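As written, the chains take the letters A, B and C, and residue 1 is the first residue of each chain.
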Amino acid sequence: MESTILNKEDEKIIQIESTILNIDELSVSYGGDKYSIDKVSAGIQKNKITAIMGPSGCGKSTLLRAINRMHELYPETHHKGSITLGGEDIYKINPIQLRRKIGMVFQRPNPFPTMSIYDNVIAAYILNGIKLKRSEKNEIVERSLREVGLWDETKDVLHKRGTFLSGGQQQRLCIARALAYKPEVILLDEPTSALDPIATAKIEDLLVKLKKNYTIILVTHNMGQAARISDYSMFMYLGELVEYGKTKKMFTTPKDERTEAYLMGKFG
Amino acid sequence: MNISNSISQQKLKWRIFNDRLFSIVMMSLAFISALPLLSILYQLIKKGYKQIRLNFFIEVAPDTMEAMMAKVNHEIIPGGIANGIVGTLIIVGMASLIAIPLGLICGIYLSETSKGKMAGLVRFVVDMLQGVPSIVLGVIAYIWIVKPVTSGFSALAGSVALSIMMLPSIIRSTEETLKMIPSTLKEAALSLGVPYHRTIFKVLLPTGMSGIATGIILGISRIAGETAPLMLTALGSSAINLDITQPSSAIPLLVWEFYNDPNLIDLIWGASLILLLIIFLLNLGAKAIAKKWKVQY
Amino acid sequence: MFKLITTDRQNYRMKSERLFQYFLKLSGVLILMMAIGIIVTLIIGSIPTFKEFGFGFIYSPDWNPTEGRESYGALPFIIGTIVTSLLALAFTFPFAFSIALFLGEYFREGRMASILKSMIDLLAGIPSVVYGLWGFYTIKPIIVELGLNAQGFGIFTSSFVLAIMIIPYASSLSAEVINMVPSNLKEAAYSLGATRFEVVKNVIIPNAGSGIFAGFILAFGRAIGETMAVTMLIGNSNNIPTNLFDLGNTMASLIANQFGEADGLKYTSLVAMGLLLFVLTGILNLIGKMIMKKFTA
């Protein structure tokens, strides 16, 4: 990981070495024998944005949720295969511990309605009962809000409720909330689907900045978004990972005809 | 052509007339239903306000002899309803102490368990309990507490009867309030690595607080005026009694006692007025909380 | 770099999560046990009565506590209860239905609706014993004045007051159901030129009918269990009433009146009466809730 080799011949090796998250033959079912995703394998690259695309119902959200084990909230789920984070099997770690390493942002902005903006940012600490000094709290709040570009807009209203912000600001607040715990990976489930184009553009810019420090996995059914900001793209269809590769390459020369059909707007 | 037109014209008039008549009758009936309320309030205030002095709150109810003497001498009947107020506070307070924690936890259980045999059965039972007449709960508390536990009528037995009575509404309002909260909030907390029980107590309960508190207060206001179960359990007491294993008075019990004693009957109005005021204030409080604590999500 | 070691603390966490789930479930178990306890208590308590009289207890018209010739039959009280409550339901219907239409269709929002709604809420908050007082001091004299009944007590008087007491239950449930009639159905009727009355008659009633019916069944269950107001107004006679102005007694009122001083067979017969009351209200309640559930599903 600390490799300094930069020549092109070794690019492949670097890639293998900088795989942060390895998904291996993963299948997830919400009950019964029907699998929502079937034998998905992929290595997610560190400090890159990976977009997961596909028509609705293709399993992209399921895949995303399997990464921080949120799919287990449904009672009858079961899975086969494995996911490793930095070499460690996530299904052998306590989900609570895992979710602090892998943050998540949802479709609709969902700040905690009873908390102020300030408390929302440090919600992970408050809710987990971790005591911080006042100065530590201030530092985390300022750092996280600066990271998402919300500091200047909110520094005077930090103790107002988060639900007073606009939709785009709320979503950035939710990203800040996910960043406060310094996760390794951030999962975003169609984070801009409820936002207007201007707010969407801001979030997209933000994500590009954030990849310096975090690994980002983004579910989107907006192809333009994937093309604009992602480094790698996955195309899923009917629970199957059809194609996975560098975004530029996939958008110009897709290998699979289903990917091509999707990119040409033929379905979904 | 012309004829049929004029017939349909006439018919149309008839239809419009019917429509008007119906809405007038309906509106009148609806507002007539509120007349008893005004009549009751008028009666209580007119006859009761004179009795409400400071003494009425700090003195216990007079015995029948005292009241008779006062009446003979054309004086105001002395004494008040302090024993009833203290008794109501103790009995209702203890009933809440029993019912609120159990009701909250059970409401959480039902809202978190949408499927499953056990939860279905519990829902069925809660529905059933909601319809049990209060007098039957009085019989139950008599058999469960009065006979074996306190070997005699007691405030505790009254509290048990009333707590069973308020449980279903607390359980149901908690369940319904929590179910309305979008699941994304719960997911947000869990995705931060917050354990399940903390997610419930620190995120879901505060978010649903206004609905839950409203349900609890309405439950309290429902039991505050109950008389029948207390007749079989707390019985009544002429003195202020703080020992929960002993008989205790309550405001509705006093109303009943005054009603049955020709010498004391003048006191029913003040006592009823206070009881009604307490209940109305609780209702108002519930409404205010529902409005003020409402969380936008 | 990624050290996610399973520590003891985490193990403890996992265990505490599972413990918490059990804890939630335990509250459900407690509620179940409570309900089973109520049923078992009532059954055990009434065994001596059913041993002595068999099912004759239910259809015997004789309630005679005279020692040596003791005989207890519930029939007068069952009849008294059902007649009183049915009459109350008949009185309630036009008013509660009007309120339901008012709040569920004609004026869903706005000042008029909120005034009416708060009045109904207040009506629901008035304690039973206060309704009894109002019946005694306001309604009874009117009944006497009208020459309907010499003393003014009896089935008719208590039904009238009961009717007002159950208006809130019957109307709020029906209003909810009427409110749920899909607006596209109503709009379809309006677009064909129907008047509002015709929409009520041909769209709302057919669609909401079963739900309204369920609302009235639940209100009927309430009336059956009401104690205090009835006790104060029905005249407490142990005979089967012969007409609507006759004196009578209901099951709940009998328990309230005689439980205090009862022992032996009389005591067990009163518990048995409680069991009958429990079963009767339980069945009505479940039927009402079942129809309601079907309707909302």
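Going forward, a residue touches a chain if its C-beta (ideal position, glycine included) is under 8 Å from a C-beta of that chain, and two chains touch if they have at least 3 such contacts.
It should be emphasised that the depicted structure is a prediction, and the values quoted were computed from it without experimental measurement.
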Neighbour overlap between subunit A and subunit C returns B
If every chain is reduced to the average of its C-alpha atoms, which one ends up farthest from subunit C? A
Winner on C-beta contact pairs when B-C is weighed against A-B: B-C
The distance between the C-alpha centres of subunit A and subunit C, rounded to whole Å, is 54
Provide the C-alpha centroid distance between subunit B and subunit C, rounded to the nearest whole angstrom. 15
Chain centre separation (subunit A, subunit B; CA means) in Å: 49
At least two partner chains per residue is the criterion; list those residues in subunit A. 96-98
Can you pull out the residues of subunit B that are in contact with at least two other chains? 195
Return the residues of subunit C touching two or more other chains; collapse runs of consecutive numbers into ranges. 13
Subunit B partner, complex, touching residues on subunit C are 13, 16-17, 20-21, 23-25, 27-28, 30-32, 34-35, 37-38, 41-42, 45, 94-96, 98-99, 101-102, 106, 116, 119-123, 125-134, 136-138, 164, 167, 171, 195-198, 200, 218, 221-222, 224-228, 231-232, 252, 255-256, 259-260, 270-271, 274, 277-278, 281-282, 284-286, 289
In the complex of these two chains, what residues of subunit B are touching subunit A? 115, 182, 184-185, 187-195, 198-199, 202-203, 206-207, 209, 295-297
The subunit A residues in contact with subunit B across the complex are 68, 70, 73, 75, 96-100, 103-104, 106-108, 110, 112-114, 123-124, 126-129, 161, 163, 174, 177-178, 181
Subunit B - residues contacting subunit C, complex: 15-16, 18-19, 22-23, 25-34, 36-37, 39-40, 43-44, 102, 105-106, 108-110, 112-113, 118-119, 121-122, 125-136, 138-140, 142-144, 164, 167, 171, 195-197, 221, 224-228, 231-232, 235, 252, 255-256, 259, 268, 272, 275-276, 279-280, 283
